[in-house]
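I am attaching a structure below and will ask some questions about it afterwards.
Chain nomenclature is as follows: A, B, C and D, assigned in order of appearance, with residue numbering initiated at 1 for each chain independently.
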């Protein structure tokens, strides 16, 4: 019963927002719905933590892993809603670009993502991942500029093609399960699949085929390198709060699906094949993204490539396997989403005040926009994995995992990539922060809500960097238990 | 009793130093068939200079007058390291070769500063050339001593000497041969003899040590002259002690000491003759050929060290 | 620990110089020892310590490093037994170079005649500065002469790190020898200083020519010229010589010579690496063509490649 | 095994050939409307197969799915696409980057490739080889259409053909997934087509051309 609230609240929110006309009311309704959603997720997580797996009907189930990802979803969506309340004062005209449509689509987007986390059935999970693409396509194209439309179109087509392959992968899993003697009706339920997994060792060839399709399919949604091309366009052209949602939560959603499939395959035919695949994807994404970050000219494209790079690190974490690798990967998804949200909000501020995101034309942020400058520094240091922040901890855990399991090549590749990224980001941010700029409005627009939101992000990063609170550790342990029974 | 002999050794070394220098210049003169000054000439110089007045440039600071004193004292202390007549020396057991090398470096360092304090270009030139020579000489000097130390499994000079005395004379050791060759080359550079630097010249093109002490006069100059004489004798004694110590007294009886002193005199005479012969036959090297000269010394020293490991 | 003491002392000295002479360019300093006696002496002590001369604290740690290299030669592993003693040779070379460098710094900076008006008018540092520097200098000398104080307490530390690693006997003998040498030197230098009759101040000897001015002294670049020439392969100086010929070409109007020491590490190590990465990044950027059809091709290619990998892996 | 069952089994076998025919025709098609018609024919063939399979397995769920596929893929989606084509009043040509003869050759090549690709998996995936080959052929042709055709709408059609291929693969190997999943998949497809239609209108408004290969502003 507790699971229904977090699922249907966004849906109700979306309907409500569509109904009311006046923009101010829309914002207020959105904020209340947002806080209610956060509370519902909090209750859900608490109940999952106290009563273990919750099952509602045949298709809704939530276990430790879900609660871990729900936390980041709830936190980030609340932050995004608060931030966008102050951000979207000027709304471009266009049929689908009114404030009502913005919040309606955001809530639909949240509904689909919560549905992905809560779906017990792998088929349902595929359907809702596909639904996330559909819900967010319009959001990417919200500004209706040439770039936004092009980005929206590419996002929609490339992701749908990718996801179609994931569908075939899911079907192959279903087939392998049915062949392995699982009853057709519940062949896609995660619980039954995990239980029957050791028995599926007969369909080794089929499971490997299935995992290849799933990896390519959901890999497109995660943004692994050969299939990443839509990500920089989508995240750069979307409005900043939306790119924060896309980068911080949607990528985790796809990674969540990959985690589920990887858990099943490694239980069935051993983690050799699936982990090598993930290591390959992770390593290639890490290398290519870190190199591309050097030559970026647009701030949000730079942040998009950094998302690809961090998803590569998470994939490497999962690929290394073992408690250390998995712990590092899970922790990294959480830390990355918070740091990336902070950076995209800063990018929003920069766009508000400088009117452009081209880094050559942004100068002297430290002087003219002290708060945004400060946030950029904190975000920059965090995203490059500097000590006081959470990302350092998770990257360190993943590196220890790499060295302890003698994956020296991957460890060296990761270290090299991280240093290249550090160089690139430092170069770009230093260029933006220093110097003197003339085209900055005398009185920079600064919203109280922005300060609060960025403060919360920075606080979370430091807390996770210095000492992981006990409650969070418990949830993390619950998630690990699910993946490694 | 041994303390007495050790002190005696140091005194002997210090007092005989000018004589050695006198003999060398006398032999060189004879070789160039000129009469040459008397053998006791250096003593006369030193005593004369002590009575003279000390001229100090107006711009010089206290370092100018301090330098000669430091040079003299460090050379004295180094003299205390080297066993002359019997296997022990005043500081031979407790002090080791690193301390010896760096004490010489201390003396050189202050001499360089004193030279630059004079305020003339000669001082600066001498100091800069000395810097070059001493930098390149320090590594082979230390490596050569280290190779002997490794072979003798001890770092103290006295220990090394006693170890070599224990060795059989006819058992040829490559390490010692290489180390000896390296040390001879370094000694020439260190004491500023002919192939590297001409001690008697005042031609600014060639002089290194003399350029540094150009400004000095009176007692300061006396101290420096005496110190360089002691340094020459100490280096010779070190060479003899480390490589041909046989014939040194093993016990501290008067008879043994007498025989040992006779043998030592013979050895020093041989070395002096060799040095004089070399100085007369070889022309002084051009300034920028000295690095190659010392390069050979370092190569020999490195080889010696490598051989210690191989021949173990 | 030694390095902490004498390096901070050197920096304080540099601060005092820049405060007094308003410049840190060695070419313009000179004769500061007479103008700033205490700072000069303290700086001299610091220079002696950093070079590692006996009776100063630098020597103790260098001596220990040498002895550890020597001990290294006892190791059974052949390559270590060869490499470690040779490393001692390198350390000696570094010691020599340090001696040359700091002789230059102190000699050109503090001794001889002031090379610029500023240096000529420099006056002694304020009392608190002197006190600070003085304390550090005494620390240098005391540790240099009585290393026993420090070695025993450090011994406890090493005991914790390497249980059973007692201080070698030679070190204790060093702690005995150094004080005696210091006493011997003190007595002798004191005796000579007392014994000397009054000195007479004259002009520096200028081969009988009148008017020897300060520009005739060796400058710091001149001082280091021989060493730079010997180690030219490391310094790789870039020399440019321009001669502007006059109307009769035999008497040039101006000759300008400029030699710049290239930072060889940056030029040969970092620059090529960074360039390679940036060119790779630029080439990779062409990967993102902007055409959706190419993107779809990437996905199909990735899928087919993986299927092939699966067939044969 | 009444008369009807044997007819169903024969229909199942021959439909593979019909599918190959549609693949070749779509590759050769010049105008978008013919492509849409061919797509609905393919969906019709797939519905026939669903009915045949569910007849053989007597699963009532099969009939529900067949009805669903019939209504959505055969009627609803082509109707939406036709309305879009009329609404756009843009030129109806396919503007392919490869001439129609080259496209047909490529399509034939893809069909052969799919046969070879499927042979090792027949044992593993089950289902007869012709149907599996047809499914893979549909997927590859869909991909080829999306890559070679420049018109935005053609990319949508290519995507639909690809989805048909996957749907067919699912059908031949697993005799139908749980009902809710099937409904979900088809509903997603429908929503997808609506959205793509919307985006096609947006592209026309902002770029006033529909050539996807010209959308190259976002680079690097």
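Operating definition for what follows: contacts are C-beta pairs under 8 Å (C-beta built on N, C-alpha and C of every residue); 3 or more make two chains touch, one makes a residue touch a chain.
Small disclaimer: the values here were computed from a predicted structure and weren't measured.
Chemist: Along touching chains only, what is the step distance from chain A to chain B?
Modeler: The fewest touching-chain steps linking chain A to chain B number 2.
Chemist: For chain C and chain D, which third chains touch each of them?
Modeler: A
Chemist: Based on C-beta pairs in contact, work out which chain pair has the most and send it over.
Modeler: B-C
Chemist: Can you check how far apart chain A and chain D are, centre to centre, with Cα atoms defining each centre and the answer in Å?
Modeler: Using C-alpha averages as centres, the distance is 32 Å.
Chemist: Distance from the CA centroid of chain A to that of chain C, rounded to the nearest Å?
Modeler: For chain A versus chain C, the centre distance works out to 51 Å.
Chemist: Indicate the whole-number Å distance between the mean C-alpha point of chain B and the mean C-alpha point of chain C.
Modeler: 28
Chemist: Could you give the separation in Å between the centres of chain B and chain D, each centre being the mean of its C-alpha atoms?
Modeler: 98
Chemist: Listing for chain D: what residues touch at least two other chains?
Modeler: Only 143, 146, 155, 212, 215, 217-218, 220 qualify.
Chemist: Can you pull out the residues of chain A that are in contact with at least two other chains?
Modeler: Touching at least two other chains: 153-154, 157, 161, 165, 209, 232, 295.
Chemist: Could you list which residues of chain C touch at least two other chains?
Modeler: 285, 288, 292, 296, 307
Chemist: Pairs of chains that touch, anyone?
Modeler: So the chains that touch one another pair up as A-C, A-D, B-C, C-D.
Chemist: For the complex, which residues does chain C have touching chain B?
Modeler: Checking each residue of chain C against chain B gives 31, 33-34, 37, 40, 44, 48, 51-55, 59, 62-63, 66-67, 69-70, 73-74, 78, 81-82, 85-86, 88-90, 92-93, 95-97, 99-100, 103-104, 106-108, 110-113, 170, 173-174, 176-177, 180-181, 184-185, 188-189, 192-193, 195-197, 199-206, 212, 214, 216-218, 222-227, 229-230.
Chemist: Using the touch rule from the top, collect the residues of chain D that touch chain C in their complex.
Modeler: By the definition above, chain D touches chain C via 117, 120, 143, 146-148, 155, 212-213, 215-220.
Chemist: Note which residues of chain A are touching chain C in the complex, please.
Modeler: Touch list, chain A to chain C: 153-154, 157-158, 161-162, 165, 208-209, 212-213, 215-216, 219-220, 226-227, 229-230, 232, 273, 276-277, 288, 291-295, 420, 423.
Chemist: State the interface residues of chain C toward chain A in the complex, per the touch definition above.
Modeler: For chain C paired with chain A, touching residues are 274, 277-278, 280-282, 284-285, 287-288, 292, 294-296, 298-299, 301-303, 306-307, 310, 313.
Chemist: Chain D touches which residues of chain A in the complex?
Modeler: By the definition above, chain A touches chain D via 59, 96, 121, 123-124, 126-127, 130-131, 134, 137-138, 141, 144-147, 149-154, 156-157, 160-161, 164-165, 167-168, 171-172, 174-175, 178-179, 184-185, 188, 203, 205-206, 209, 232-233, 236-237, 295-297, 301.
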